[in-house]
Every structure is written in C-alpha cells, then in structure tokens.
Amino acid sequence: MDAKQIYQTLSEKFTGRIKQFQENTHPASVVVESDAIVDICSFLKRETELEFTSMISLSGVDLKDQGKMLVIYHLGSIRHKHKIALKVELDRNNPHVPTVEKVWPGANWYEREAYDLYGIVFDNHSDLRRILLPDDWEGWPMRKDYVYPKRYHTWDV
Amino acid sequence: MTENSKGYFKKMLDAVKSVFTGLGVTIGYGVSPGREVTQQYPEVKREPYDRFRGKLFVDINICTGCTACARICPVDAIVLKTVRDENKKLRPVVFDIDNARCIYCGLCVEACPVDNCLYFRKEYEFSSYSKDELISHFGLGELPQPDKPAADRPSPDMPAQAGPAKDQPVQGKTDETRKEEGK
Amino acid sequence: MAVVDERFMDLNMGPQHPSTHGVLRLLIKTDGEVVSRVTPYIGYLHRALEKIAERLTYPQFTPFTDRLDYLASMNCNLAYALTVEKLLNIEIPRRAQILRVIMAELNRISSHLIAFGSLSSDMGAFTPFLFGIREREFINDLFEMVCGARLTYNYIRIGGVAQDIPDGFIDKTKEFLDYFPPKIKEYNDLLSYNAIFIKRLANIAVISPEDALDYGVTGPNLRASGIKWDLRREEPYLMYNELDFDIPVGRGEMGRVGDAWDRYMMRIYEMEQSAKIVRQCIDMFQQGDHIAKVPKVLKVPAGEVYVRAENPRGELGFYLISDGSTKPYRLKIRAPSFANLSIVPKLSGGVMIADLVAIIGSLDIILPEIDR
Amino acid sequence: MIELINNIIGNIHSSTPMIRWLVYVMVIVISSVIVLSFALLYEGFATYAERKVAGDIQARIGPNRVGPYGLLQFVADGVKLLLKEDIIPFYADKWLFIIAPYIVFTASFAAFVPLSYSDHVYVANMNVGVLYIIAVSSVVSMAILMGAWGSNNKWSLFGGMRAVAQIVSYEIPIILSLLAAIIIPSSLDMKDIILYQSGGLGIFRWIIFNNPFTLLAFFIYFTAAIAEVNRTPFDIPEAESELVAGYHTEYTGMRFAFFFMAEYGDMFIVSAIAATLFFGGWQIPFINGVAMPLWLRETLQVVVFLTKIFVLIYVMMWIRWTLPRLRVDQLMELCWKYLTPIAFFDLIGASVWVLLFNGKGVYDILSALFVH
C-alpha cells in the first residue's frame, strides 16, 4: 500500500482528525491532531493490511518562526515494507502530546529524549525524566532560541 | 541407562571434546615459535602509508592567504590572519594550526587551492606536556618595518620525520631560514 | 527521604566498568547474584551532535558522522551521504558506488571483529579478543592505504568518495580475503562451539520477535530473533540489489531462537557474507570517476527526507529537514544502539550479574551513537 | 630435616636444654628462610612465565624489556608494587583488611613444608603430609573472605562470597580423588608415596597408570585443583569483566602482591601434590638404576620433580588463556552434579580394585604374568 492509500484509510477511519497529507516529503507524511495520536497509532499497528509493527524513530522539531513545535513519528512495517511519517503540530510555549508508549514500548526513550532536548511534555508517560542531560539542567538545548548557560555548578560552560 | 542419564554423559563428553578442540587451537600458537604479530615499537617503527594523515604542515611561502582552509575547518583549528604587503599580495602574518583541536579530517587539505601548500606529513609522534606546544605557528610574522627587523617568534614546530614527504625542503628548518629562502 | 527498599541492594555497574562497552551506568537492584531490576543511565558522552549539525555546512558535518559509531565510521558516513544525496538527487558514478560498498563491508567485518572480541573477553576468554584485533589491524591497514586514517576515515563524502584507491589496494584486499576465512574457522573452534561459552550464552536474554519490533531493535539482534529484515535486501541502496549474499537468521541452534548465542553467531555469519560481498565487488570493478560533480558551496534544496542504511549494529537513519540554505535546519540521528539498549531493562529481570554482562556484550551496543 | 636436627643436637647432647632449644629454633629459621626464598623466587618467575605463555599463545611477544629476555620483569613488578601507595579504604575494617593478605600468603606458603623434593631434601617429613596440605589450603578461603569483607566494597563482597562458596565446595572432589590415589600406597607421607612408585623404568609404576580409576581420579583432581586456585575457567572470585577485580578490588601495592603471589604459590602446591601422587614425584625415569654419586642423584631428583610441576603449571596457564569463564551457579552445578558423584564412584572403583588385586597395579599384574 503506498502512502496515498494509507492516508485514505486513515481519513475514512478518523474523519476530521486528519489534517493534511504532504506528498513531497520522503516518506510521505500525514499531519494529525495531537490528541488522536494514540488511537491512530494503535489502529496502524493492529490493522492487518497496514501492520506498522515498529516505530522507526520519533523526532522533535522546533519551527521557531512559525511558532510551532513538531513531533514526527516515523513508522515502518516489516511485512508490507511501507513507511509513513505522522506529524503532530504543537503550540511552542506549551507543547503537550499524549504518549504512544503503550503502543510501542520502544517509544519511551525517544519521548524522554524529545522532552530532554525540546521540552515537549508527553502526557501520562511512565517516567518522563531527562535522559541525556543531567537531571538538574535548565533549558531545552535543541530549541533554536536556546541560550548557552554561562556556568553549570562549578564549571563554566 | 535412562534418557536423562544418557544426556548426562553425552553432555559431559561434548563439553570435554569442545574444550580439547579449543586447547588444540591455542597450543598451535603456543608450540610454533615466531608467529608474533606485534612489533618492538621504539626500535621498529612501522612506516605509515603515503596518504597517512599525520601532522599538518604548511609551506607558507606559496600560501596565498585565501583562508579557504580556515573556513572549511569544522572545529576552527586554523587561525589565519593576513595583511596586505607592499605589492598588494596577501601576506599570512599569523598561521596557527592547533594540533590539539584538529580532528585530522583532511577537509582543509582538499579545500586549499594551491598544490603542496597545506598537506599532511607522516609524523604522529608529537605529544607534548603543554597544550600551547601543540600549536604550530607557520606565520611569516609582521611586515618588516624598514628600520628594525621583525621580532620573529620562535617556531616550536617539531622537526619532521626523516623521510621527506613530497618535494619538501630539508626538515628541521626554523622560520628564519625559511624566511631567507622566501626573500 | 525516599523509602529505601531494604530487600534489594543498589549496585552501580558503571559508568566506569570494564564491560559496559563505553560510558554507560547500570543501576542494578539486586539481592545478591540475582538481578531484579536494571535502569540504564546514559548521556555521559552527549556532545549534542544534532545541535552542531545545525551550525555546520553539509560537507563539514561528515567528519562528525565518523564519531557516531567510531567502530563503523564508513557506514555512518555512507548513511549521511545517502541522506543528502537523496535531497540533491544527484547520480553517483558506478565506480564510487562499488568503492562505497567495499569500504562499508570491510568496516562491517572490522566492527563485528570488535563485537566478537569484546563479548569473548567479557566472558573471560581474552585470547579470541586479541585474535580479533589482529585481523582488524589488517583491515585498518587497508583503510589507511586508501584514506590515511585508521579509525575515523571521513572517506565517503556527499557525491562519492574522497579519493580514488591507490594501485596496491586491490591486491592487498584479495590477500585479506584469502587470509580471513580460515581465521573464522579458528574462532569457531576456539570459542563459538566451546561448551562453557555455549553454557554462558544459550537461552540467555531471549528476545521474542514481538518485543524486538516493539522496542525498535534492529540489525543482527533483530535477525537473531528470527525476523529476516536487512535493509541491504529490503530497501536496497547503492548496488546491493545486484550482489548475491544471504542474510543469516537466528535458528536457535544452541537454545531458543533469539538468545544471546544466536545474536553472537549472527555476527560470525555476517562476517563471512561481507567477505563474499567484497570479493564480488572487486570482480565488478570498472573505470570511472570516483565522485560526482558537487559544487563547493553546497545548497541543498528545501525538503524533508528520512534515509536509513544497514550499519553493523543496526539501522542508522538520518531525518534531514533542509530549508535550502547551506546548513541543515534539523538533522535527527536515529542510532541503532539507542533502541537496542532500551530493551535491556525488559530482558534483565531475574538474570544473574554475569548474564547482565553477557546481555550487554551480545547486543553489541556502543555509547557514542546512543548519547550523540 | 628432623634427622639433620637430631644429629646436630646429638653431638652436643651434653649441653643444657637452653642450647638445644636455641639450636632447634635456629635450624627452623634457616630452613624457613631457604624455603621462603625458593617460594618467592618461584612465584616471581611464575608471573613472568604466565605473561610469556600468554604472549606466546596470543601471537604476542610478551615481556622482554627488563633484564635479558625480560627475566627480571618480576623484580620490576615487585619494586613497583612496593613503591605503590598503600591505600586502606576509609570505612574499611582496618584490621581484617590488613591481616587478610598475610594469612593468605602464609597459608599458601605453609603448604611448601611437607613436600619432599628428593630423597634427602625436604623440610619436614610429616607422616600426614597430604592431610596437612589440604587443611592448610582451606584456610585460604577464610582469609579471602576476611579481605573481601574488610575492604567494605560491594564488588569485593561479591568476590569474597563467591570465593568461599567455590573453594569450600571444590575441596570435596579434591579429597575424594586424592583418596582414590592414596589407598594404593596407603600412606599419607609424601616420601613413602613416592618410594612406592619407584621401579619399572620409573614410569610404569606411577599411580596414574596403576588402574583406570586413578587415571580418572587425576583428571577430577586436576579440574577441582584449578577451581581451588581460582583460575580460569573458575576465576569467578576475581572475574575482571564482571566484578571489576573481585575480592582484591581495594587492595593496592604490596598487599595486592601478597594475594597475587599466594595464587601462584597455590598453583605450585596443587601441581606438586599431583606430581607426587600421580606422576611419581622425584623418581628419575629410565636411568634410575645407574649408580651415580649421591649429590648428582639428589639434584637430578629435584630437577625431575620440578619439571613435572612446571609442566602441570604450563597446562594450567594454557587452559587459562583458552577457556571462557563459568557462571557461579554453573560452577556449583559442575562441582555437585558432575565432579563429586563421579569422584565417589571412582573411589569405590579404586578400592574394589585394591581389594581384588591387593594393591598391585596394572604393571605389576602384567609383569607378574610374563615373568614366570
């Protein structure tokens, strides 16, 4: 099934909650509502002819000039060999999106990394802590407007 | 002999057999002398291949001061200051390569438009006790004022390895001798 | 004061520990030899490569991809170069493609040699580790002959390869290809089928196919669980579709499918296949230039692309968003070891401490690409 | 040695008890100094030999810098360890921490006493030689536990627990297999055992060839002995890749050297017992009958005895650089499920053989058949 058909089945199943279909990205991406992400993901995983068994990666993107924060889920299927990217647009000052940890346990660490570097809060995540940076680090380093701290405890950065 | 007791002895037999095959391999090395692959480092030095990316070296006389290398360097290890000299040509006053910061990726050597100006040497033994010793200065120093000669900074550039790389003047020269040639 | 669970003792394995394959800290809750829960702590090697990528131009970032998985930096360069070429959609000359496959597969062998050696020294046998290093030196000499470096090569560039190979390279590679296969047989006699080694690894930390897919485990670890998924075959890049090589899949020879021994054996079989690939590439060699025409000031057209390649440790993917300037807008690096390590807490309920070392060794994780 | 003392004291018998007591102490001191210097010298060369053998097996050169062919390497190591800072951990149990290495060394050194190096060269001719050595060598496990507990470190605690479990449980197979060998000469005195094995070209009357059960007893004994000495594949107490350094993690400088030397001392003892009991101690093979001056015969006997020991030590080192390490529960399983039951049946078999052929070995029976 190519991305177009996946988009059709998705928009039929979740009418209204699928915003947009972007053809020019590789793999093609579907912009969805942030609160529908869990249902969509479990649907994509359960559905036999879609069967997105593995979440390849989850990345946060900071679109500062559009005032938006993006979370992109790259999903792939082993059996059908097709790939799709789900995009969720969040408000930049208070980015919230429900966690998909229940669908793919592997997402746990990716979400912690997105939280750690971008400050995107994943609701009811099992233990949302910083994964790469020390726990008491202030600020979200990967944001475009991140200001480098002068000192961290006793060392100057 | 019940089933698992047969397994009991079979397992033991397999274990002993596999242990002895392993021992057979190592005794092959133990008995036959002269299979060493290691070398006695300080006495026997392995000659690196021609393209070995050792320490960077700049032939400052043919350097046009175009700062292509300084711009391409991903870690800004090259500090290059140029000044216009009397016949409008750019003169590289300061040309420092910080060997502690450099990651030896070779992007600068490819970016340099002049042949044999910036290249790697086969020298890999330049560890030192202080970081500023690792900065090699290739600069030509300030323009010589007409009345007093320029105070030339000593170049702690380590003498290169014996084998001359490319058509390289005899090693071990300090900046002064190189400057005389340049005049 | 947090309630201290006095039944269990907190034991810190790492960040400085002889067998954590890098700077990794495992907080183990154990009541003696048996481990009840493991929580990995990572981030000791975080260099913010993704932030650096946003500050450097495309060609400048290539040497940094060496430092992602420094045991397989040719493959990392390759994945990055493929990503940028996908957006540029330029045609890579055939000779450059063949060179890339040769270098990538040689690097796969040298990376698997380290995986084999470090797992064996974790299990207490130090000699196979040194045998592995001895073979790897041979490959290091080949790479030094081609690009001058022995670990971080910066050889595969956007559009092709940095320099063409010197003339002595092909014969030396053939010499290696004749020298290497009997060494694999020696490893098998010495270690793979050794009773103690099998007892230490068989049926340990079995990863079921569902768990492997749920946690995003890829590469030899996924294939050991019985799933035949290799990007060189499923999503062929370069000229892998023309090459004939088979994908080893876990068959549970010594225990259940997907146990630590299977993961170890995948790497031994893959080394043989990689040697076969390199031999075919040498026969397919042809004249041609080694790099496509790429402008010095490289402006990548705006767009988003996710490209992945089969690294020795799994699927390394680059998600690149470019805004048409000379610097990437966002470059997400999907590292295989990051996902492979995330399954360790699930595997390590009720194992012994010595098994924990076997689990880490059999997953063959490497920390620089986890922390980035 | 006792005869020596008696005849010295004999000819000054008229002297007061004070002098007699003084001479006795003086002789004890001299003999212990001699044996201690032999033990330390041997342990020095053993460390050098271990690294040379390891280098040889791993296609390396091994130490050859200090002294001719690196022979003085152990002197350099010793000086280095002496000059190393002697750290006692802050919360360590100071006295336990300090005493433990001395007890370990004295225990392993004390076992040098009952050995008989040749007809007249021995320290003390105990008639309970083998029993004394077994008793002394079990003190080692207690001392290791003291050291492990004293250094107040989680890793060394693991090492200590494992050491005790291993040494205590492997004494059972050792004792049983030694019993199977001792019932033949039916004497615990080393000298008598060796004298029993004389004759028959110096080889055929060895107890190992006495009957098939003693042959099996040797292999059980040797495996259990390697475990007793904590060497690979049983070096779980100081498993570098799991427990950092096991029970001697916190030890530095000379204290660590004591543990280190004790290990090599134990290796010597264990192979000395094997040589005495199974391979006919100092029986000179082939040319035993030839008349030769006393001193030449003595030195030849000592040389034969030491070569047998060093061959066995070479086998231990060879095994160490080949095999991986067992896990703790597999180690226990090997001891209780395999070695001990087989050792029991072996003992029964050996004693039945002694009953049937009233102590005569295969060689005696055959020679009896052919002679008349």
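Letters are used for the chains, namely A, B, C and D, taken in the order the chains are written, and counting of residues starts over at 1 for each.
By definition in this document, a residue touches a chain if its C-beta (ideal position, glycine included) is under 8 Å from a C-beta of that chain, and two chains touch if they have at least 3 such contacts.
The structure presented is a predicted model; accordingly, all values stated were derived computationally and were not measured.
Taking C-D and B-D together, the chain pair joined by more C-beta contacts is C-D.
The chain closest to the protein's centre is C, with centres computed as averages of CA atoms. Chain A and chain D have Cα centroids separated by 65 Å. Rounded to a whole number, the gap between the C-alpha centres of chain C and chain D is 46 angstrom.
With centres taken as mean Cα positions, chain D sits 52 Å from chain B. Computed centre separation for the pair chain B/chain C is 27 angstrom, with centres defined by C-alpha atoms. Within chain D, the positions touching two or more other chains are listed as 57-60, 321-323. Shown for chain C are the residues that touch two or more other chains, namely 127, 134, 190-191, 194, 196. The set of chain B residues that touch two or more partner chains comprises 19, 22, 25-26, 37. Interface note: chains touch in the pairs A-C, B-C, B-D, C-D. Interface residues of chain C facing chain A in the complex, by the touch rule stated above, are 42-43, 46, 48, 50-51, 86, 213-217, 227, 229, 234-235, 303-308, 315, 317, 319, 321, 330, 332, 334, 338-339, 342-343, 346, 371-372. Residues 14-16, 18-19, 21-22, 24-26, 37, 48-53, 72, 74, 103-107, 110-111, 120 of chain B are the ones touching chain C in the complex.
Against chain D, the residues of chain B that register as touching in their complex are 12, 19, 22-23, 25-27, 29-30, 33, 35-38, 40. Interface residues of chain A, counted against chain C in their complex, comprise 24-27, 29, 53-57, 59, 61-62, 72, 74, 78, 81, 83, 85, 104-106, 108-109, 117, 130-134, 141-142.
Within the complex formed with chain B, the residues of chain D that make contact are 53, 55-61, 64, 318-319, 321-323, 338.
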